[in-house]
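Each structure below appears as structure tokens.
Next, two complexes with chain A in common: one pairs it with chain B, the other with chain C.
This part shows the complex of A and B:
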């Protein structure tokens, strides 16, 4: 029993050490965003020749949202002769196919791809479209997103820089006021983009390509092997592969796009679990390559490793809690690490983009969302929920690794607004 | 009209980038390292006050719990415990004794609660998870006592643990809060108040909570002890920090909104 207690004590200290490293990292990001010189995106290059762009919208049973995203893309101010839209109808069983067909008949630059066999899911759909795209720059939007008029132009400008392999815009939930859950997600998103992504971009670290409201160079993606149809986090996968190959990810904070955040707990739980499963799979695949990457500076390697571990941290916290419980049963709980442990639990309750409370506070302050600042303590209510969802995903990834099984894509359910109602 | 011309001239003089408030994506706030360093004297002042007042606060905590136990008819016997430079005065107190049947019943009830809230989808998930975590802690503690005979902490050790935890919280809390405060555009007074108020708030919280724990354990027995300490102990201290933090931030945000010049282009 003494050995078990000793191991548990050491483990609790390790957990506190890991959390302290992340606290320092995010404290640095917040300081950088609030107090240091900011690095603008390429938005000032308004006179540059606009390159051709292929806009890809993967869809599976999206009849409630497909009108909105296609209407928004049609209304964008990008020259019509320099872009095409490829809606990928991924095995839909509702009216998505019919709706997409009608749009294609009306607008010749909409060139749908219908997937009727083979693998399902977003990575498979993207892999399918790579050889079909007419342009080298590919932008991706999920079907529930509503890009603004100037968004395509803003995102595409980043590719003027020949070192940029992918770009990422800012995701903003448009249904933030729907309920408690969507409000909390809006806050997580703010912290993740307004502070975290911008700071990583400022510091020349590795901003994350998020799989939507962003894009990549087609040829580079193909050179890197395309998309694994069984990856659940194809965005993390591509971000890391680009970084390892020496490409940079540009972050456009001004390029805001509006999404429908999950409004039901069960839907959000499945989404987080899928992200975690995919991200942890990427951790297993790329950890050692990231640690040894010659194309990266030591700061980028450290940030890359911490980025890969992000979705494992809730599981580490949970096991730390279990170790504390065991030590309490045995009458050997160490008080100092427990105090810091409690502090980390409360401040790291926003795992969506892994923004601690002060990072989210800084984002809301920058956004001018004064009233939302009072919601900060409620993030604690999400601790167990987010922690459990992410830990379940981590366990799934571990199971995948042990059994050699392939993950099945689980689409996030969207409600949308029927046409003519909004 | 004159005023608008004057404003236009002012705008021209200031230049477009200064005259137009930046979109949120281009904003920065003028947080300066020199401002952040002001947190250090504020922290030092609060720490000095804390170091000198902790013995009094710890004594108040012990006395209140002894008094509360006395009022409730719980037999309590204080004893001396020197912790650094502080006399803590923890106590032994009579706890409800659980026989093996009540321990098994407790574990069974907790298992049923976990099962019910795992399958009953109606309540929001965070609430279900929180109830389940409490039930799992209580149930596993009951089983541990059933098999091992007792928990690692008796009433005296628990009392000692609570007092030591409170003392360490009061001494470390200002450092954590200072790290928060250093990031934001607070004035020196706000930094001092923010750090001071969190410690001041935590003192009555710790005192009342300790007395409440003694009262609960005296009635229900030790199976609740891990749950009380791990979920309603230091964890509960951290929640008000964020609450007080958010209130101070709203004040800072109001000031920023009143003075548009605070917003700077990135």
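This part shows the complex of A and C:
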């Protein structure tokens, strides 16, 4: 029993240390966003000689949303001779194929790709389209997204920077008012983009390419080996591979785009679980390479390592709670030395999830929030839910590693809105 | 632990959630974050939207020789049309002035002026906005409170302050001492007898002496390009970029510090600085269509500095 208690004691200290590191990280980000100089993105550049761009929209059974995203892309302000849209109809069994075909007949710059065999899922779809794209810049939008008229130009301008291998815009839920879950997700999104991503961009760290409302250089993606069809977080995968190869991700906080946030708990749970599974797989694949990366500064390596671990943190925290409970019931809890660190732990974990409460509050203030700040205490409920889903995903990844099994892509279900409704 | 303590603990736990319940039951602030879906960056936005607002009056100006009416855009303001509209020296006029040719006298003060052929703002005047479908002449020591825009060429006299924006579909000539925030012209051309204050040559770790570099250049500190060097690619510099005379960059130039463009330097692409941008005499930006010079610091233009497109100086711009 003494050995178990000793191990639990050490583990609790490790968990406290990890929480303190993450709390400090997010304090740093929040402070940077509120009080430090902000780095501009390149959206203020206007250039008559725009590069060619291929816009890729992976879709599987998206008949409820396909009209909206294609209509929005058609309305975009970009020279038509330097612009193509590739909807990837990924094994759809509903009317998506027919709808995409009709658009393709009406607009010559819409060049659909129909995937009927082979692997299914977004990474496989992207990998399939890499050699087919006519242009070197590829932007990706999920089918439930609604890009604004000027968004393509704003994102593309990031590639004037010869170091930028990928760019990322800001995702904004358009159904924030649908229910409690979507309201809370809107707050999470705000924290993640308005503070977290922008601060990392400000600090020359590693902003994350998020796989949608963003894009990358086709040639670079191909040189890095394309997309693994069995990856579940191809965005994290690409972010890390770009960083390791010395490329940067440009973050455009003002290049905002609406998405449809999952409105059902079960759908959100599956989405988070998939993200976590894919992200933790990336952790296993790239951790040591990230720690040794010569193309990165030490600050970038630290940020990269913390980014890779982020979907493991809830599992670490929950097991830390369990170890603490064990110590408590064994009468061995080290209360006094823990007091100092408890402040960090509470700040980060009590109401935190992907962004701690103070970070989300700062983001919401920057976004001009008023009464919605009152909802911050409910982040605790979301933390438990997110932690559960993310921990389940971490366990899946661990299982994948042990059994050498390949994950299957699980599409996030979208409800959509009737055509013409904003 | 007694019941009282447990009750107090539970109350403290629930307390922060009580105001939240009101917001959940009766949402006051649950809207999506507003995104301007139709927004497209337009350096002549002010002029374009002003013309749209004026459209009904311009149509009437086609029918009537002269008229006065009112507009209720924000306040009720008089609208005056005359083919040859004059504001006398020192006169103060409210409202919107429309004419084929509009002349604002010395030290006059007006709000909005629009000319179908030409607008001339004389020395020392104060103008809220001025737009012309033809040419626009802004005298010396004029104060523009908001913006000016011209379909034709626009010449701005010495020491004039150009407000938030000055734009021209043709040449925009800025004379000595002009101050600005955002200027657009095809091209923007500085004309001044004054020399610029030469910035200090950075203590750069790297200096490009080669006659030609055939790739993109990324430098993690400051960099100096020796006179006459050519870069057949784009440049990204984490510190300052100091380009001596006649350097030619065929791509874009990006710096997280200051940028100095020496005499006769040519940049074909865009210029982006997270510091200041100093144009020495004859430095030129733009090739293959319009480009942008953007800086978070100040922009200073020397004689003959020439930008085909847009200059955005978040910290303010000026002509030497």
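The rule is simple: the second predicted complex is superposed on the first by the 400 of 422 C-alpha atoms of A that agree within 3 Å, B and C clash if a C-alpha of one lies under 4 Å from a C-alpha of the other, contacts with A are read in each partner's own complex, and residues count from 1 in each chain.
Throughout what follows, a residue touches a chain if its C-beta (ideal position, glycine included) is under 8 Å from a C-beta of that chain, and two chains touch if they have at least 3 such contacts.
Note that the structure is a prediction, hence the values are computed from the model and not measured.
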Which superposed partner A:160 touches (first chain B, second chain C, both, neither): second
Which superposed partner A:299 touches (first chain B, second chain C, both, neither): neither
Which superposed partner A:183 touches (first chain B, second chain C, both, neither): second
First, second, both or neither for A:370, with chain B first and chain C second: both
First, second, both or neither for A:219, with chain B first and chain C second: neither
First (chain B), second (chain C), both or neither touched by A:31: first
Broader residue contact with chain A after superposition on the shared chain, chain B or chain C: B
Chain B versus chain C as contact partner of A:150, first or second or both or neither: second
Chain B versus chain C as contact partner of A:266, first or second or both or neither: first
Partner chain in contact with A:49 - chain B first, chain C second, else both or neither: second
Set intersection of chain A contacts, chain C complex versus chain B complex: 40, 256, 367, 370, 374-377
Chain B to chain A touching residues, read off their complex: 23-29, 31-33, 36, 121, 124-126, 129-130, 133, 137, 140-141, 144, 148, 151-153, 157, 161, 164-165, 168-169, 172, 176, 179-180, 183-184, 225-226, 229-230, 233-235, 237-243, 245-247, 249-250, 252-254, 256-257, 266
Complex contact set, residues of chain A against chain C: 39-40, 42-49, 72, 77, 146, 148-150, 153-154, 160-163, 172-177, 180, 183, 186, 190, 204, 256-258, 367, 369-372, 374-378
Contacting residues of chain C [partner chain A, same complex]: 16-17, 19-20, 22-24, 27-33, 35-41, 43, 216-218, 233-236, 238, 251-252, 254, 256, 269-270, 272, 274, 288-292, 294, 296, 309-310, 312, 314
Touching residues (chain side chain A, partner chain B) in the complex: 27, 30-31, 33-35, 37-38, 40, 170, 194, 253-254, 256, 265-266, 269, 321, 324-325, 328-333, 335-336, 338-343, 345-347, 357-358, 361-362, 364-368, 370, 373-377, 379-382, 384-385, 388
